[in-house]
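Each of the next two complexes has chain A plus one more chain, namely chain B in the first and chain C in the second.
== the complex of A and B ==
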């Protein structure tokens, strides 16, 4: 069974502006203490679409059992970071830029699971479809 | 009053984004009567030497990914090189030596190599019959020098598989990629598949656009 990963952003809406402070709380549950070898929390952007993908990590922290009280990584952790001026979130036709807080859990035997909590940085208007591709027009 | 610039959440990810269609993201779909175990058997009979042949966008690289996982599960040690049309050959490939009896050299895009280098690799992989046991038909593990390649045409290795995508396979690929409430209809797949003359990769690229158009514009625009 996969562990449960919860991520909570301390913000009324998942919309931020450059320079805003992102406050995040995360917790891993439903997993035996001995199974956890490390937890990584990050704030990152990534692209997706038709071409090659890219990503950038804005914030990163890694926790191992010996750094946690009681060697227990299942307690709630908190971090905060000031968000950068760019890249801003964007929903385009062939590419989109997505920001997220990601928690990656490392388990014994090399297993990994992760969960993303997406949020928006900035207020760039989403692209609208202007010219239909030939395939759509010829339908 | 200024309208809101952006919604709170992004729309769902396009299921035809490159992350979902790159080789290895999806298992290869075999035509009826063929399967990965059968392909492994064929390769084993050829002392792990063979070529996968097919046209551009027919699924060769995807098949190679599926095959590599099975080779690993079988205790073999594939070393893969992916060659591009830029003509660059990794130095490690030029110097490649089969380090162990279980090693298999896997080359995606074998035709990108020069003819002399192809010949050198094919000859190096060719098993020399043991002088002690000249009548033995099956190679021992110590004699194996596996070489598995993909190319657009036959290049001198035993042909173990030919990728020939059909509309049915394309439809099955698309069905796997779409969640419930998808925006792509079978007729879209058929139209794109025929337009790209059976090139599944190009078909999926175009379906990305079709999906985008249907999630970013009013339906009325799409049906004109």
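== the complex of A and C ==
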């Protein structure tokens, strides 16, 4: 049985502008206390599409049991961060840039699970096919 | 229920069968074993050599090299594996960014460049701004493929025709010696044919490069910002009877990916906007064609983006068609920064 990870963004819509403050609350549940070895929360962008995946981490925090009150990592944690001016979310033809808040849970025996809560940064319109439809491939 | 040790694992969506811990331990054991084997073998080799009082030999050198490579591979693999234990991709990314921002002797080790700290994943503006213009503020650097074509044609032509000359001389000598080698002679004919084609292609590329003349594009400001207007100056040299000259603002997406053992780059043009067009005009000898126009960066445009395997490039592309010459295209990359504050639509940025 995998633990339940919940992430909540304190914002009416998951759409942000550069410089906005992202406030986020996360909690891990349905797991025994002894099973948890660490939790990492991050705010990151990653690419999707044809190319190999790239990522950039904007915010990162790692919590271990001895840092948590009562050594219990199952309580709700909160963080906030000011969002950077770039890269903005983008829906291209072969390149997509997605932002998300990610919580990764480390369990005993080296197991780990994560959950992403995606959001948009900026207001860039999805790429409209405007010119040559040709795709150029080179090795 | 998953077995603790599996010979074969499966990938089910984001999840893999088998224990990651067993995988990590197995990999670490393999590299550790390699390191130990290399160390023991090297120690045994060196002690036996010292006991025998023999001098240095090639065999000894080879043995030392082989066992030392085992030590390096095993040790390096083990350190890399241990560094990855209980460390997520995000954590490694953060550590790498911090390491990249360590300042050594006043030089920042790469990472996000000086502009990138303000605009992460946006290319550094230095490359775009290092050439002042004569008419407008900046002359844009050219990244056309023409010079690469010419270089490749030159290298191919030299190597191929060098080999052809050797084969021709060998074949000629067999005929002169009275014992003609007909297999070599027949083999040389298509070889020379390709050499002649290579010379023709090289001359064509060279004459295109020299004959069409240089193209320059200048711009009133950099980096560009969505929603703003900029002045652009384009100049074309060479004695030419032009059928048409176009200037387009284009946006290309680039994706680099591994396909088998090949690294492939795919480019897709996702936006193209005509900035300037002129037909049927002549450029006199020692003359230059000059034109000024303006561009407006679309308000909803994506900014320039660069990461390890993906990129979004904006450029001004000059396409020309001149009588007696094949069509040519020259690219001048521009840098677009993300919009950070509201811009009055169509406001001007002049030099």
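Worth a mention:
What we mean here is this: the second predicted complex is superposed on the first by the 128 of 139 C-alpha atoms of A that agree within 3 Å, B and C clash if a C-alpha of one lies under 4 Å from a C-alpha of the other, contacts with A are read in each partner's own complex, and residues count from 1 in each chain.
Methods note: a residue touches a chain if its C-beta (ideal position, glycine included) is under 8 Å from a C-beta of that chain, and two chains touch if they have at least 3 such contacts.
The model shown is predicted, which means the values in this text are computed figures rather than measured ones.
Of the two partner chains placed by the overlay, only chain C lies in contact with A:54; chain B stays clear of it. Ranking chain B and chain C by residues of chain A touched puts C first. When the two complexes are overlaid on their common chain A, residue A:34 makes contact with neither chain B nor chain C.
Once chain A of one complex is fitted onto chain A of the other, the partner contacts of A:85 are limited to chain C, with no touch recorded for chain B. When the two structures are aligned on the shared chain, A:13 is found in touch with chain B, with no touch to chain C. Contacts of A:98 after superposition on the shared chain: chain B is touched, whereas chain C is not. Contacts of A:112 after superposition on the shared chain: chain C is touched, whereas chain B is not.
In the superposition on chain A, contact of A:120 is made with chain B only, not with chain C.
When both complexes are aligned on chain A by C-alpha atoms, chain A residues 49-53, 93-94, 123-125, 127-129, 132, 135-139 touch chain B in the first and chain C in the second. For chain B in complex with chain A, the residues that touch the partner chain are 5-11, 13-14, 17-19, 187-188, 191-192, 195, 205-206, 208-210, 212-214, 216-217, 221-224.
For chain A in complex with chain C, the touching residues are 18-19, 37-38, 40, 42, 44-45, 47, 49-58, 60, 62, 84-88, 90, 92-95, 97, 102, 104, 106, 109-112, 114, 122-125, 127-132, 134-139.
Chain C meets chain A in the complex at residues 19-21, 24, 85-86, 88-91, 93-94, 97, 118-122, 248, 250-251, 253-258, 262-273, 300-303, 305, 307-312, 337-340. Residues 13-15, 48-53, 89, 91, 93-94, 96, 98, 118, 120, 123-129, 132-133, 135-139 of chain A touch chain B in their complex.
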